[in-house]
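You will see two complexes here that share subunit A, one where it goes with subunit B and one where it goes with subunit C.
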Partner chain A sequence: MEYKQLGFYFDQTLCTGCKACSIACKDKHDLPVGVNWRRVPEYSGGSWLVDESTDTATNTVFTYYTSISCNHCEDPICATVCPTQAMHKGANGIVSVDPDICIGCRYCEMACPYGAPQFNPDKGVMTKCNFCADRIEVGGTPACVASCPSRALDFGEIEDLRARYGDQASIAPLPDASVTQPNLVVTPHAMAEPSGSRNGHIANLEDI
Partner chain B sequence: MGVPTAITDVATTPVTRRRFMQWSAVAGGTTGVMGLGACGLQPQDEKTPEAVGDKSVWSACNVNCGSRCPLQLVVAGGQIVRVDPDNRGSNEIGDQQVRACVRGRSIRQRIYSPERLKKPLKRVGARGEGKWAEIEWDEAFTLIADKLTDLIAEHGNESIYLNYGTGVIGATVAKSWPPRATAVSRLMNCIGGYLDHYNDYSAGNIEAACDFHYGSYVTSNSNDDTRNAKLVVMFGNNPHETRMSGGGEVFVTQQAKKQSGHKVIVIDPRQSETVMNLADEWVPIRPGTDLALVAGMAHVMIEEGLQDQEFLDTYCSGFDEDHMPEGAPANSSYASYILGLGEDGVEKTPEWAASITGLPASRIRSLAREIATTKPCAINAGWGIQRHSNGESQSRAPMLLSNMIGQVGIPGGGTGAREGSASLPMAGFPVLENPVRPVISYYQWPEAIVNGKGWTYKDGVRDLKDLNSNANVTNDVTLNSNIKFIWNYGSNALVNQHGDINKTIKLLSDESLVEMIVVIDTTMSVSARYADIVLPDASTAEQVDLSNQGSAGNMGYAIFTEKAIEPLYESMPVYEQLTGIAEKLGVKDKFTEGRTQDDWVRWLLEESRKNVPDLPAYDEFREMGVFRKKLDPVIALKDFRDDPVANPLGTPSGKIEIWSSNLHKMSLDWNYDDDQWIDPLPIYRRTRELHGDPLQAKYPIQVIGHHFKQRTHSSYGNSPWLKEAHPQRVWINTLDADKRGIKEGDLTRVYNDFGELRLPAYVTNRILPGVSSVPQGAWYTPEKPGGVDVGGSVNTLTSHQTTAYAKGNGQHSALVQIERA
Partner chain C sequence: MWHELPLVIFTIAAQMSVGSFVVLGIIQLVNWNTPQRTLDKVTMPALYAIGPLLVFGLAASTLHLGSPMRAANALLHLQSSWLSREILLGMLFAGSGALFAVLQWFRWGPHRLRQALALITAVLGLTLVYAISQVYSLRTIPAWATYATPLRFYITTFLLGGVAVAAALVVASYVRRRRGGEPDPEARALITRTVQGIAFGGILALGLKFIGQPAYLSYLGTEGSAAAQATLELLNGKYMWLSAAQNILIFAGVVGLGFLLFRMARSRGVSRLLPVVTVAAFVLVLSGEFIGRLLFYATMVRIGI
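This part shows the complex of A and B:
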């Protein structure tokens, strides 16, 4: 099947942070530990106030998750910095890496603000979300989208997604959408903070 | 025979911290991921995943989360190369697609684990020492049959104990739970029976207490029915981590809220994923203090006249002095307790409750008013709140609250118990009759190894003829033997999931007490380390069976689980194993009735079709995989609500017993510890290891063991993918961490008099100050025997003590100190 420009939709209000999407991706693509084409950062902020006179406590704590893979950006900075042109934008607007050309210099990994390109040390090259291109070709659904227990993920032509869900993608801890113009639409969690906010932090740096 | 590819566990390899999603990364952040090996699963040609020769067969994830997920296993060359989710059904409640959670999606790592058992093993060193000899199946059958015969001759059938185990649940033939409905039970019933247990680690305190409150075990309404509620109040209920299936309660609660716009309040010491994801408001209180919160709210309701007095007068007994049963002492009603007219003379004001729960009195007042005036109001509870040293009464707190506002038995309401769900009446595997009458609680077996002989009802022994708590206030059965033999099938409750691991392993290491332990499992689990004989089980993917549904609102469903691959190595389906033992015992024909496992599956399906006529026959069902049927929502106790005279409850009064006359009798007669109470009313007691315990001078932090996304209890606990996705860490509040100089990721010592863990810290504000959590189910991994547990099993820190009358587990009542390692 052919699409103009593919994109992902993510409903942050439904995400439980379970990472079924991430593991479905690993299962589909046989990814080792340490290589995560889809990641789920936990963003948390707020604080506690303890009243010692009554032995009670109150809080302003908030938390939400963001399931994120590659956003197959309009302006893919990974491709811009790639010295070999291994990283490129191809059919259906999918950004992919040609393993035969990639030299594993990892510039793309450093450049991408979404952490999408993932170095595979066994192969010595970069790897990344290819939108399950094999499934897209036959009119199928990417593994992550089909897996989500909460139905928080969707995909399609970005124009359709924006018509249906709006055009928000600048939600912390993601960078402002103006940086790379991601083909991503997010319905924000009720407590979501805008990109650049310093009111929270990524709480699971170890496991993303 | 399939030869699995090894999967290297590299989850423990140090990984350089990624500067994820920070624009500054471009300016020089180090983002290396070092030293990683391949996942070891077969590589696929990404362009042709559905290569010629692949087939897809239906299977299921049969672990004990309360959900049940179908899986499509893609098989090529005799190996499972991929897992696909359910792709049928819809996004409508009652017909939903049952999408597996993160755990089921990683099942290849469970099936092809390098820790899979390959051959029967016989212990050759001391018990627990880890020295084994591989033996042939025939020798294993003979050893077990001979020992059973000898022990039964010497000590009787009640010396043979079948332990609780939920590692294989949901299936019909090859299932480990409920133990009395398994093939092991059937085998034992062919030779005179065995010592059974009542209730379970999940819900043992509510199962006992609910009998006294409502006459029998009841659920609350099913979650699809919350579409009729204006307000949903969950006490420690966390379906978004515990019942994570995308066809189960995650899906149902999210959709019900979306459709109705009801408000959700979750009461939990931890900002769980359900709080984060579903709740409009989080009410954090200290573990084990739900009773005090309800008492504080009751004070507000009574003072302001907000309770549903008509409901209390008509349907309940014991709320106020005008509605007490004959023989009850004066001033022993709940209202008297609240107003300070009872024995303790203390008024249970919101201020009183605030100092116990940690929740400000003003919040207790506003919560009480909102709950009393927003109807319909669905009050339900998870089982964490009752896994405490005061667990029986704790479990009744949400029930009492629901009674006070009269929301039992109506659409949009609830009983205050765990959510119910509709289900198909599928046939069960027939297990014959067990003639052994004494039955002990699931949590008493370690004590019954040493002291069980001579126990009576006063010690919690029930009569198998009727296991309801009300039928066992007294009885005439006595336990006539200590436990000498343990069957442990699909169970990690022998060691990892029971309290006080160090005490348990000391007990099991004494070979003069239990003379034989047989473990049947797919994996060298923590419990299997303490076996005398280990029998390698075939996984669900390696045999044909029928899988029953999980909790999914009002949807009934069943799954046909096909044999996807041959049993790995020399593993064998449990039914064949037990057939081999039955043959040695001379009861093969009685055990099998001439049927193979496939014959049983066909027979069971036809039996089920008598109850569920539109359930397809064998071949069609095998192709279909998942049979779905929209059923009516569960409105618990509707009959009683509609006509309490015609449909009385099973309590002595036939009413909801807020003051239980049977508990009053037991308080005068039963054996229980000096620091325990049997209370007819659900009132707050500061029992062992709760906030305010003098032990806090030494161990100030309350630690709970929440159910964690990485595992279902201990199942999946060895998956490298899952350990990477959801690593085991100790949750510690930022304020507590700051006091101790602990920073995110620091290695910590978590310890008390029972033992010590070594775990990285997850420094977070998602938990109440003074409270920590060690996610339960991690595999106990001592540095040396009895030494520091670097695997981080919370049960290194928990107690064997049984609760006063349920004789259940209070594992969330634990006090520890935490410091930097």
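This part shows the complex of A and C:
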């Protein structure tokens, strides 16, 4: 299949944080321990409000999940800063690493606000989500999208995704979409905070 | 906090090399009416110490590569990557400096030509420091994408370069004397004058640092993003003591030199304290800058995840 620009869609209202997408990705690409192309940060926050007059307490506590891999950005900072051009935007708008050129300096890892490029110590080079390019080529579905039991993930031509689901992608803990122009559409959770918010934190840092 | 150690060593070594080269150039310029023979005798040993330092730094930088065998690929994206530009400028500075050192050693070529080459090397070096600052001025890292980054790196360049040169001059003169060299009052006066100048410059740099630091912290506090806030919390929380140690070490080093300056202004003749205080100042400032650079990387917080 040929696409102009592929993108991902993610529905925060459906995700239960089960991480089947992460595991399907890990299995498909045979990723070692510590390398997770798709991750599911858990964003939590809120507090208790005490009403003295009625002696009651109500909470504003929230937690929601965001399944995130690489968004194959329009303005991929990883490719801009890469000193070797190993990181590049190729067929179907997929951003990928050429393992024969990459020197493993990890500068893309330092720059990417989605944590997409990840260093594989066994190979000595950077690795990242390649949109399951082999499956895409034969008209298939990326492993993460196919695995989601809640059908919270979808993929396709970014223009189609935006026509169907809107164009929101600036939801915490993700960075503002203006920074790298990700090819990503998010349906926000009811308690979703905007990008850059200081009202919550990533509660499962060890997972991502 | 140690995982970026190769980069800490590379950036410090590169900045110290540039600073030392530029300070040596300034010494040559300021003392234009001192006989060239005396100038060369005093400054040349320091010049030849810069080469190994820079090579050491460049070698350390390859240690953080996953595939160091093809490190040369790092030059393939000059049109948009500051990292490529940084490596190119590092090599140009090293090459130009090496050529200058060789010409100078053998007294090859006219004096004017060698001076022109030294000027080109100094400009390449100062551009290298700018390139290093741009490598870290990433729009996804608010704690780094600010004027504070180039300012910080230039202060390190001049402060560390200055005290390194002061220590090198004093040590070289001590070695010459131990080897039974003729007492040379002219060279001695030049060294004393130079160390005084460097101490004075160091106090100015320290002043700039102590104005810059609160301004930087208030920038972090008011920038608004969760990432800048997180960096501020690391600096004021987890790394509070290291942050303080960095300032105390640099302050002690520079003020030690300043004290010497004051002493020498009052008692004519060379203080016996000169070698000890100068070398101690270098060690203190180097330790402070080293801790500061460790913290620079350790307090990096990116926007997003």
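The rule is short, and it goes like this: the second predicted complex is superposed on the first by the 197 of 208 C-alpha atoms of A that agree within 3 Å, B and C clash if a C-alpha of one lies under 4 Å from a C-alpha of the other, contacts with A are read in each partner's own complex, and residues count from 1 in each chain.
To be clear about the criterion, contacts are C-beta pairs under 8 Å (C-beta built on N, C-alpha and C of every residue); 3 or more make two chains touch, one makes a residue touch a chain.
Bear in mind the structure is a predicted one, so any value in this text is a computation, not a measurement.
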Contacts for A:Gly104 in the overlay, against subunit B (first) and subunit C (second): which applies, first, second, both or neither? second
Tell me which partner A:Asn92 touches in the superposition: subunit B (first), subunit C (second), both or neither. neither
Should A:Cys15 be classified as contacting the first partner (subunit B), the second (subunit C), both, or neither? first
Regarding the shared-chain residue A:Val35, is it in contact with subunit B (first), subunit C (second), both, or neither? first
Looking at the overlay, does A:Gln168 come into contact with subunit B only (first), subunit C only (second), both, or neither? neither
Considering only the touch criterion stated at the top, classify A:Asn59 as touching first (subunit B), second (subunit C), both, or neither. first
Quick check for you: in the superposed arrangement, does A:Val125 touch first (subunit B), second (subunit C), both or neither? second
Please work out whether A:Gln181 is in contact with subunit B alone, subunit C alone, both, or neither, and reply first, second, both or neither. neither
First (subunit B), second (subunit C), both or neither touched by A:Pro113: both
Going by the touch definition up top, name the partner, subunit B or subunit C, that contacts more of subunit A. B
Show which residues of subunit A both subunit B and subunit C reach, each in its own complex. 39, 41, 68, 106, 110-111, 113-115, 119-121, 173-175, 179, 202, 208
Can you name the residues of subunit B that touch subunit A in the complex? 9-11, 13, 15, 17-18, 20-23, 25-26, 28-29, 31-44, 46-49, 82-85, 87, 91, 99-102, 105-106, 108, 240-241, 244-247, 250-251, 254, 271, 273, 276-277, 282, 284, 351, 354-355, 357-361, 363, 709, 720-722, 724-727, 733-735, 744-745, 760, 762, 764-766, 768-769
Give every residue of subunit C touching subunit A within the complex, in rising order. 64-68, 70-71, 73-77, 80-84, 87, 135, 138-141, 224-226, 229, 300, 302-305
Residues of subunit A that touch subunit C when the two form their complex: 39, 41, 68, 77, 80-86, 101-107, 110-115, 119-121, 123-126, 172-176, 179-180, 195-198, 202, 208
Quick check: in the complex, which residue numbers of subunit A touch subunit B? 13-20, 22-24, 26-35, 39, 41, 44-48, 50-51, 54-59, 61, 63-65, 68, 106, 109-111, 113-115, 118-122, 130, 133-135, 146-151, 173-175, 179, 202-203, 205-208
